[in-house]
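In what follows, structures are represented as structure tokens.
Note that subunit A is present in both complexes that follow, paired respectively with subunit B and with subunit C.
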Partner chain A sequence: MTDQRRRILSVAQRAFESVCRNRTVLAVAAGYAIAILGFAWVSSGGGYLALSLNLLTPLEVLVPLVAFAVGYHAILGDRTRGELAVLRTYPLSGRSYVLGVYLGRLAALLVAVLVPLVLASGIVVFFREESVSVIAAHDTVDTPIVYVRLFVLTAVFASTALAITIGVSALAGTRASGIALSIVSLLAILIGLDLAIVAGLATDLIGGGSLDALLAVSPLSAFRGLVLELVAAPIAAAPIAGGIHPGWATLGLALWTVSMLAIGSRFVFR
Partner chain B sequence: MSQDTNPALELREITHAYGDVSVLEGVSVTVERGSVVALLGPNGSGKTTLLSIAAGLLDPDSGAVSRQQPGGRTVGYVPQRPAFRPQFTVAETIEFYSTLVPGAVDVEETLDRVGLTAVADRRVAALSGGMTRLLGLAQATIGSPPILTLDEPASGLDPQLRHHIADAIVDIAADGTAVLLATHDLAAAERIADEILVLDGGSIVARASPAQLCEQADADSLDGAFDEILGRDGLVGVHASAGGDVDD
Partner chain C sequence: MRVVVVLAGLALILAGASLAFAVQPTTDVTVEPVAFSETLTTGLTGVDVRQAEETGYEIPRVEVFFSEYQYVLGYYGVESALSELASDHTTRQFGRPVGVFVTDFAGAGPAVTDEGYLTVASDPAVGWTSASAASFVVDSEARTPAGPAIVPFGDREAARSFVAAYGGEILQWSELSDRDVTEPAVEVEDQVADRGQWANWTVNRRGALLDRETSIVVGEDTPTLSAAIEAAPPNTTVRLPSGAFRVNVTVTKPLTIRGAGPETRIRGNGSGTILRLQSPRTALANLSIAGIGSENTGSPPGSEPNGSWDETIRNTYGYGDAGVVFDEANRSLVAGVDIETSANGIIARDSDGVVVRNVSVDGTETWREGFMSVLAIESRMVVQDSTFQGGRDAVYTHHADGIVVRDNRMTGLRFGVHEMFTSRSLVANNTVDETNIGIVVMTRPRSNAVLDNHVTDSGIGVSMSGSASLTTGNVLIDNQYGLDMGTQRSLYARNVLVGNEAGLRTGTIVPTNRVTENDIVDNDHYVSTGRGPVRVWSGNYWGPIPGQDRDGDGTIARPFRPSGVVDRTVGSSDGGGTLARSPAVAVLRQFQASVRGLRSANVVDDAPRGQPVQPERLTAASNATTGQEGHP
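Here is the complex of A and B:
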């Protein structure tokens, strides 16, 4: 293992342990788990597709919130304590540091976000009523694979949400600016970009032909589009509106992730 | 094999300003291996800025900085108020920083050097201000950097801890490390420094060993010499022309 890779892993390990020892984050994760299990319970009796669709909106809202709790203080905390200045005297590049922080926090975030999803699937396993499958075209195609797709797409969405939060954390100079920047970016992700697209369509600034690409610009729309396109559409009994081309959506999420980590790396040791 | 005779740290004609406020004006400093150089001066005289430039945390507007490059960590740095992740223990903190430098680091020995072995398993959140300062000092020595920069390492501490930190700095210098520290603790500076630099208004106004400074100022102690060099008002005055509260 190279020295730089060893240092990235050290930073990642410290970032992971920091999250695990933070009571506020643990409380947020517990709240998220209760909410997800609650929404899953509401859809008990249906199959995997029903569960996936019932969880879609809660995931769109809650995953960025949990990512915010896990990541907003990640780099900002080191800056306000003065530890970033100390870290700069070590042979550790800004890129390695940001990548380590991201990987460590991502591991913790994925545990927090995905474990409740696994538990929620138990509701289908134990409480499914075969005769009530009215959403899927055939009971036989409503398999766990449907839910696994939601699981993977949620992990991808969480990764992007965390990258945005880490980038913001690297840019912020003070605790107050960190919170303000995080809230603004959260609002932008959750509603701002979607509202901008709707406004653009309403005022004819945006043509319908470019909608796929524009929806991919919004991480939330990209996630929703991917879920509808890859989870729901293949087995739904009726056409489902809102899906976008998976290529555009994946590209959009990837660009957000890479660009926010790159911005964080560039400005962390400013 | 010939021994490298270059100084461990050399700052030449350093100039720096924050916006329109000039903080350093043509300051030159040389720190040899194994020696302790103390920066003295009133609040706002540019000490912290000069230390930050020496540590590589800040680029000067003009001038040159040359440091001994050992291949690993070049400079150890202790900020004015060192702070670490409160939920980790003292040993875990040192272990983490040790993984960032090439080669193996003996965590126990690092803590023993500053007298923190007894609290190795204590969380950082439960450390006193003095112990946190010692942890900062321990952190700064990880990887055996040839240069150590310390910003007010003993401010606000009781006399016993101040002595303890001063002794630890002397030990570190005795191992060949070049030490540059900013301090208001004149007694400690007189005891441990090989050279004193007095900064005022962004320039060095006096430069000599503690004994020579006392002799030049015809004073019994460094305290008296410092009074003489800056004038009594200078001791308590904040030099607005040199950055005001930017420094210290």
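Here is the complex of A and C:
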């Protein structure tokens, strides 16, 4: 293992432990888990496709919120406590530091986000509509594959959301500006980008034809498009199209992740 | 915990889960035909199927597997499957058909009998073949009890030889689907006017029976009614003045027996039936009957069991004590007769075209002791403008296809109108109250119409079963259940349901009814749902509900879920409306409209109305409710 890699892992370990100790984060994660299980419970009796579609919108809203709770204080905390100044004296590059923090927090975030999803699938398995034995039943198009796909896509989406939060956290100078910046960026992700696209459509700045590529710019729309395209569309009877090319959407999410981490690396030891 | 371990674990899990993208979820669910008895069957009527089974005739059948519905649907008759598959409603409920199988008559040695029914030479019965690969013979001589049959063959050669023998032409499944198929309930809507006209015409024609010249006046020309009937020439009137007449007679010639009003009192001795009319074109008018025996059921004298499917009903129900019994007395009439009975009022056996009008039947106080006010067996009758009070059922029909029951008043019975094995009936404009069920259709018949009736204070207002039936314009108030929808492929429209414990009750597991333009207001519950997948209805008025009519088309943009956890409270609590507007609830509902068959029992109105469909009738109904609970 190279020194650089060892340093990244040390930073990650430290970040991971600090999240696990953080009661606020634990509370947010618990709230998220209850919400997801609640939404899943309401759709009980349906299949995996119904569950996936029911969870889509809650995930769009809640995953960035959990990512925000896990990440907004990540680098800002070190900065305000003066620990960043100490770290600067170590042979540790900005990139290694940001990457380490990201990985450490990502581990915690993914556990918090994905475990409730696994539990939610239990509702489909254990609370199926009771079947009538005298009547022949057959397999419907419903399959757990669609839910597993949603699971993976949610992990990707959470990674992007965390990268954005960490990037913003690296930029913030003070605690107050950190919170403000995080909230503004959160709102921008949740509502702003989609609204901007709508505004663009309204003023004819954006033609309808370029929409399937432009939607990839908004992480939320990219995630939603991927779910509709890869989870719902293959088996739903009524056509549900994501209206987005999966390649563009994946590229959009990847670019957001990489660029926000790069910005963070560039400006963390400013 | 080491972060490396957690990260490695997550990476491993996600890598494994990513394999889900490598596997393409199949849209082609592979299905194999199943035994027809294991499907949820629909299509022809119970009577038609039983008759075909008994006589050994074949009915072409279809099995359909839907992408979002786990049960297999079986259709009697290719055309019933076609009309079902052609409807948008079907896709919305069940998804796409992923497998359609039809009975394969190739190699079964199909033949057509003289009556046009399909038989096969092979035993066991025919197998299954995929519809897309099959050839269908249409417009041949073959028919089912319900109409022309479409006969499927797995092999084109076999279809050709069938056409050579019995005519018709060969079409493929896709060509069949393009043929114009009318929704069965809409067909019934077109027929309702004809049924009313038939009834008008029949009532008019029977009126002539009261114009026959008087040949004998009892008390002047002969001492007794029996002697008068004996002496009177056919097609004349025997007149009865006021007074009491002790009789027990059988009429075997076309006579009119006419009293001077209720004060002409025909009295039995308290046992048996009083008047047996056994000739076509007999008439009974303007008198009252009492002293009828109290045996509700009986058995025909000297009958041999003949093994027919409905022997029990015919031979027990049809032979109880009654005021008047018509036996093979087609085109007869009872008018202006008051009957007091502890068993039956009027029984008609095998008597078509009989008219019962302006009759009053007073039955027993508790229904268990009495029996039917009017009992129609294999008799296409008109029952109108009459009053029925007490006893078991006001009108009980057994295999009385085409019967018309209208403008009657029924109070304090078990059932108002009770139809068994009866198709193509018209039950209209009756006023029923304080019954267990106002109007009930049982035994899977077809094409019945229940229109503009008014049922209050009963256990169930209208209870339907069968298929391709029409239930429209009824006003159902203060019942336990307003409307019980046990039918398939039927239409429920423009009904007004107010003040019931539950407005609507869904019955069958196959949700194929169309429910639209009903006003469902101020019931304790909107809907009581049975099992099965979600039901999609459209365009009903549910009272004030959350959501707005954004584009002014009269429809609330937000779908309404009358049985959903939040929406079902809207009618009873103002808080329900507030909760329903919560973003959290909005999020919950967001995608709940996209995949339906996979969901559990629930009702969605995807275009609820902002305004009542029939404001005046709704206001009148609301004023009529007492706010009390329905009669048990």
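Everything below uses one rule, namely that the second predicted complex is superposed on the first by the 255 of 270 C-alpha atoms of A that agree within 3 Å, B and C clash if a C-alpha of one lies under 4 Å from a C-alpha of the other, contacts with A are read in each partner's own complex, and residues count from 1 in each chain.
Operating definition for what follows: a residue touches a chain if its C-beta (ideal position, glycine included) is under 8 Å from a C-beta of that chain, and two chains touch if they have at least 3 such contacts.
Since the structure is predicted, the reported quantities are computational estimates derived from the model, not experimental observations.
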**OP:** Record, for the superposition on subunit A, whether partners subunit B and subunit C clash or fit.
**Re:** fit
Original post:
Does subunit B (first) or subunit C (second) touch A:R21, or do both, or does neither?
Top reply: first
Original post:
In the combined three-chain arrangement, what's the angle at subunit A toward subunit B and subunit C (CA centres, steps of 10°)?
Top reply: 160
**OP:** Look at A:V152 in the shared chain and tell me whether it touches subunit B only, subunit C only, both, or neither; answer first, second, both or neither.
**Re:** second
Original post:
In the superposed arrangement, which partner chain does A:P234 touch: subunit B (first), subunit C (second), both, or neither?
Top reply: second
Subject >> Partner touching more residues of subunit A, whether subunit B or subunit C >> reply: C
**OP:** Identify the partner contact of A:A85: answer first if only subunit B is touched, second if only subunit C is, both if each is, neither if none is.
**Re:** first
Original post:
So, does A:G104 touch the first partner subunit B, the second partner subunit C, both, or neither?
Top reply: second
Original post:
First (subunit B), second (subunit C), both or neither: which does A:G178 touch?
Top reply: neither
**OP:** Enter the shortest inter-chain Cα distance between subunit B and subunit C once the structures share a common frame, rounded to whole Å.
**Re:** 13
Original post:
Looking at subunit A, which of its residues have contacts with both subunit B and subunit C?
Top reply: 17
**OP:** Over in the complex, which subunit B residues touch subunit A? Could you list them?
**Re:** 52, 55-57, 72-77, 79, 81-85, 87-88, 96-97, 99-102, 136, 139-140, 143, 145
Original post:
Given the complex with subunit C, which residues does subunit A contribute to the contact?
Top reply: 9, 12-13, 15-17, 20, 39, 42-47, 49-50, 53-54, 56-58, 61, 103-104, 106-108, 110-111, 114, 129-132, 134-143, 145-146, 148-149, 151-152, 155, 230, 232, 234-238, 240
Subject >> subunit C residues within the subunit A interface of the complex >> reply: 1-4, 6-7, 10, 13-14, 17-18, 20-21, 23-27, 29, 31, 34-35, 38-40, 65-72, 91-92, 95-96, 98-99, 509, 531, 565, 587-588, 590-592, 594-595, 597-601
**OP:** Write out the stretch or stretches of subunit A touching subunit B in their complex.
**Re:** 3, 6-7, 10, 14, 17-18, 21-22, 77, 81-83, 85-92
